[in-house]
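Got some structures for you, see below.
Each of the next two complexes has subunit A plus one other chain: subunit B in the first, subunit C in the second.
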Partner chain A sequence: MNNVSSTQPPTSDAMRLEDESPPRTGSSRLGPQLTRLLLSNEFGLLALIILFSVIFALATPGFTSSFSLFAMGRTAAVNIIIGFSMMVVIVSGGLNLSVGSIGVCVAMAGGWLMQVAGVPWYLGVVGALVLGAMIGALNGIMIVKTGLHSFIITLATMSIFFGVMIFLTQAGSFRELPPEYVQFGRMKINGVVSPLLIVTLLIGVVLSVFFRLTTSGRRLLAAGANPDAAELSGIRVDRTIILCHALSGVLAGIAGLMLVSRTGAAIPSMAGQLGQDWLLPAFLGPVLGGTLLTGGRASVLGTLLGAFLVTLLTTGLLLLQVGAFWVQTCLGLLLLAAVLIDLSRRTYLARHNLI
Partner chain B sequence: MNKVIFRAADISKSFPGVKALQQVNLSLNHGSIHALLGENGAGKSTLIKIITGIHRQDHGKLMLDDQLLQLHGPHDAISQGIGVVHQERNLIPRFSVSENIFLESLGNKGQTRIDYRAMHEKARVWLDMLALDVDPATPVNRLSVAQMQLVEIAKALSLKSKVLLLDEPTASLTSHETDTLFSVLHRLRDSGVSLVFVSHKLEEVQEICDQVTVLRDGVNACESRPMQGLDRQDIVKLMIGRSEQIPDWAARARSTSGIALELQDVCTSSGHRDVNLQVRRAEIVGLYGLVGAGRTELAKAILGKDRIVSGTIEVDGSPATISNVADAVEKYHIGYVSEDRKQEGLILMHSIIENVGITVWQQLGKARAFLTNRTIREHVEPYINKLEVKTPSLNQYVNNLSGGNQQKVSVAKWLAAGVHVLIIDEPSVGIDIKTKAYLHELIRELADTEDTAILLISSDMPEMITLADRIVVMNDFQVMGDIVNTRDYATMSEAIMNLIHRKQADKPTTPQTTPQPDNRAAL
Partner chain C sequence: MIRKVLLGTCMSLVALAGPVSADSSTKVALVPGGPHPYFTAWEQAGMDAAKDFGLASADYKVPQKWELGAQNQLLESLVTQGYNAFLVFPGDPVGTVGIVDELVGTGAVAMALAGCLRDPSEAVFCMGTDTGNSAYLGTQQLLKSLGGGEGRKIAHFTGFLVDANTKLRIDAVEQAATEAGAEVIQVIADIDAPEPAEEKINAYLAAHADEVDGIITTAWVPAVVAANALRKIGDKRIQMVGIDHDEVLLQAVKDGFVHGTMLQNPYGQGYIGSFAANKLREGCTVKADAPFKSNALTDKFIDSGTVFAGIDDVDDYVTSMQSITKTLFESFESTYLDC
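On to the complex of A and B.
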């Protein structure tokens, strides 16, 4: 990616001139490309994942059992999608606090469609996701029309969506779902891999393609990085913001529907009061993965690895019989540590002209 | 009489990969104005940062009053009497004038109550000295850019500066405001302060400076020479190593080519009244005016960003409804090079290819399912090469480019878009002579070979007279008239000034408050 000159000879004198003297770096023995790779977020996360996997595998015998691996993969699948649903909004320079609330709304709508309306499960999924897109777009429209920060709007809609959902469902659950659908969440491929994880990986690929290879994805990144410049370059920033919130709604909905398939029921309290239980994983994935909170830069792979690391730590700590509250504390500390490490990493790269 | 008060001797400073300064010397006389000149990247900013304690030199020493100076930070410099007015504003917008002036000493008293009345009175002294007639209790965001500049100078003086460095203090000032500032600088000099003056505007430098130091590529091209006996060409030669080539372009007649953009009786929500304007194909129309005349606002109204209240816009002879910038770009092929390239022109955290490609995504994306970087590069690379953007790779972040190269990128994206009408707002703010000359040639060529209609907004009179075929003068959100450019500097500048002043003669009662305070603050 970074190596323009090797695929194509530089054509202008100016470019050739600079190519002959690449910026010198502090760590002169490593090439700048390698230093950059070793200091990338994704590489760091991979190293941590391997490190913690080894530690947990040695410390607890249950960690490497096929059941444990299956459960971990299935949980990771959901956490990663939750991370994605926040990431696509963070890229635009905003936040979406209502991801959990939307996720539960979509899950309940899916439950209702399948159980009460009696539609086939795949139509139920599609219908519920359309609702997710609409709720998300509603967030986006309100943000664009009012000009308020997405923080305020989604804080309000988090309550509103959840409240309306509780009113409509009378806080009841849907537990008689089509067996094919519930089966999907319990299925094991080769005894360890959950199909949910495969769905998640596919969505990851689709998102990567979206950000790298589509006009809409590029526009979203530009609008997130500098809305003024994007607008003056002919990008409809308003539409872009609405689109990314709709996308966030769909992704939150997918996470909700995955949970339904896993537990075999759509339950209003599945993401805690107002969907708050999702907030920590929603931020942890993108932030650990190197998505800039100020917008304009996304890392799909980073978010995926970040969310996976979180799941790994949670599982491992619980297997070590660390109390659940301590797990929460550890995750909070991890978020803080990640931000600090990221800061020093970026300072280092900037100081050595590697960014 | 010519006592040296401050000396920087044999200063060297390296950053990773760059030798920013090599054995640079500068000596400052008591009560003088010393010009520090050089192109972008010549090392002026680095030298200023060393003198003011922000960076530390690798080698060499700083002497103040024959005493060796050890600066461990900006505070040391301030306490030694070295003040600086940076290029960027360093005021706190919501604080009052006097709070800003005494910001450094506000904190020293800890928990005690601030005596605002005494502070305002103390501030008054400095404001009077600078002939700045504002209430010290006014929040600075209500001031004009020039007034803010003076407040910064007051702040530096209140710290008892013996040496005062001014980094491009006139960049955003009108010529009238510049004159006011210069009379202040003269008075300061006469009272014994030594001033270092950094500017890209050589006319100003020649006007007020006594001595000059020129840097080129991190070394002294000349050191503390008297200004007397140096003319503009000598200085340019020192700065760029050769003499400036003043383009001797023939005047062109464009009165027969088709009208690309026409405004008829346009009034806007930002306050323009009955603006009439025509730009023909292949014509460069200059839009001249003082800062705050409403030129940038007019450009934004044409682009559909600000609302048009009445009147019509025609593009290529047919009426156009432009409701947003996307319409302007996609439907009517109008592009805009912003005066504020960091905020509005470029996405600094993205790469060159993304910045140049942004205007062609739409067009390229239509024909194919996936828009790869390779496709975009094939389309935009010729323009980047044509503009000679200096970069190791197209994936370089724009943030890492020099000002001149950034400006080239912000022009390249509109070349790539192939616009029919290009509005260029202050193309040479903060870029060096070489790049400026290059951009001028390019703009001229764009009109000649591509038939692009160009509306050039500039406050730089020589630039205007070099480039424009016709000059439209604006003042106070109205068009005052237009003149065919004869390329004769003296007559043209007089004619332009007459047009601006016509208004003041005709309507002497029009108060200063007519331009929106919002616009002034935004500038």
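On to the complex of A and C.
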């Protein structure tokens, strides 16, 4: 969970793939599989999710109501996808500050295709996602061609994409969308589960397969871990950077289109000014989930759990009626506590020779 | 000063409300789009309404940040907490329609307050300032202070472009200026927050103060920042009309740095809105022939009032706002509701 602070020499940072085993510090009394599980970020996050769920369920009577669970799942679904869209770029050792801006552009394009161009909703979704891939790829191309850090490029394109979108739409919105598309975002499966959450889980599975089992995914991890070594081994690092930004654009677009379905309209303000509202969820999920900011390691499950934990904490704090202006502070403190608890868990295991 | 307004308005409305009715199960949530000084009057309005009308509660609930998602999440949590009446400033006039429809789907009453939802929506009505009209009247006052509009050059400082009201304000200022033969030489938008407002207004005035005869501001923060900037410049040549009742702005009016301000009525919105929500939950319905006004977003609009306060009125503006609130409240039930 606290991988942000784990700095490693460049040489040992290479190829830190998702299935890499943690370092061994002593003789193990547990099986290697169990040891690996206990030491994983994912286990820590899962334990925290269970812990806080129990606390909130006991402290707030409405927490386990079907409406609350449905609303929380739906919010988490979007936050997780936003986290994924940043994760796939962080893996390459870069950043994408324009995820929110791209997400809104795709959402507005989808709204235009469905309302103005009159295409069926599924073609509108596909067309909008193609635009997302193109915008994302444009980011990647500029990064590769200029040699500038992705932070600089995406900081600039964040404003450019959003500005062009505002110019083209005149800050107008699209709300005459196909009813079945809007209904999808409001649908409840068994009164509790949002179909958006199912879509998110499916995308998580696809991303896991991509990073674990496909050549492109492994190349992306390798390029992120050590670009020079990857280049020497025959990997076209520039192509992988363009690929990961295109993928990021698609994922940001999916999040945008989910929000369109959830709100029933494509609106320019859905991600705030310049799409900045998405930046926090975009970073929190991957960072809490154990994705290294230096690149080379992706944790799809960790990102999913990290984003869900943040949504859970926010919902729980709201239900506890913590003063509005204390929610952010409490959220920060709880996240810090979560990191420290995770650290304690690791320390305890090490001291008791459980690893 | 703000406390004076609230206290004065409260005391006068307690008398209007009459005896407290039996305790109601109505739990009202007054939810702005995010933290903003304009909405702080809603807190007192809710408390007064709960006391005067015997509501279970009428609480002011602020999203921790100005984000549509944060507001949606707060509204969903309020449903879980048992709130059954929602007075909502839409985070977005279209984007908030979905969550309001869902709130109504849970059996709650919902209305748009201070800003409207775009029709169609499940909100019973929208009560707020007629923003276009306020900007139009404010510009007229500004041009009057300049001795007429012919050949005058004015600058317009306003709120976020993603807020549909901003376009209405820009158009209204342009219309009033054109009608009087004046020219809007600069519109600076997206500055209803301290940092961008300080940066852009000060930079603009540093470079172009000599070219400007007047300033109209149609959002809270730009009004405060522009008033401070004119005080710093100090020559009182540039006339300005602001908006709302921030103490900085009111003091600038008293000191002659600002010609006047267009007051709005957030207290009345919260108080009367809570009253109406309770009535609707008790079985009243909105009259089919209620005399709603129309604006660019909705055909179910109730103007909560706006009034210009110049140097002669600024000390007594409480009375002006009380008068508007009283008038609206006295006739509200008979005008808009079937009970």
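By our rule, the second predicted complex is superposed on the first by the 290 of 355 C-alpha atoms of A that agree within 3 Å, B and C clash if a C-alpha of one lies under 4 Å from a C-alpha of the other, contacts with A are read in each partner's own complex, and residues count from 1 in each chain.
Heads up, the rule we're going with is that a residue touches a chain if its C-beta (ideal position, glycine included) is under 8 Å from a C-beta of that chain, and two chains touch if they have at least 3 such contacts.
Since this is a predicted model, take the numbers as computed values, not measurements.
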Mind working out whether A:193 is in touch with subunit B, subunit C, both or neither, as first, second, both or neither?
neither
Which partner chains sit in contact with A:214 here, subunit B, subunit C, both or neither? Use first/second/both/neither.
first
Check whether A:314 is in contact with subunit B, with subunit C, with both or with neither, and answer first, second, both or neither.
second
Using the touch definition from the top, say if A:327 reaches subunit B (first), subunit C (second), both or neither.
second
Partner chain(s) touched by A:46 [first = subunit B, second = subunit C, both, neither]:
neither
Touch check for A:230: first (subunit B), second (subunit C), both, or neither?
first
Subunit B and subunit C footprints on subunit A, overlapping residues
none
Contacting residues of subunit C [partner subunit A, same complex]
35, 61-69, 72-74, 76-77, 79-82, 91-92, 94-99, 101-102, 106, 118, 160-164, 167, 190
Please name which positions on subunit A make contact with subunit B in the complex.
1-5, 11-15, 17-19, 22-26, 209, 212-215, 218-219, 221-222, 225-226, 228-236, 292, 296-297, 351-353, 355
For subunit B, which residues are in contact with subunit A within the complex?
16-17, 303, 305, 324-326, 328-330, 336, 338, 343-350, 354, 357-359, 361-362, 364-365, 370-373, 377, 381, 385, 388-395, 397, 400, 413
Of subunit A, residues touching subunit C in the complex:
60, 62-63, 65, 67-68, 71, 75, 78, 166, 171, 173, 175, 182, 185-186, 259, 262-265, 267-270, 272-273, 277, 314-315, 318-319, 321, 324-325, 327-328
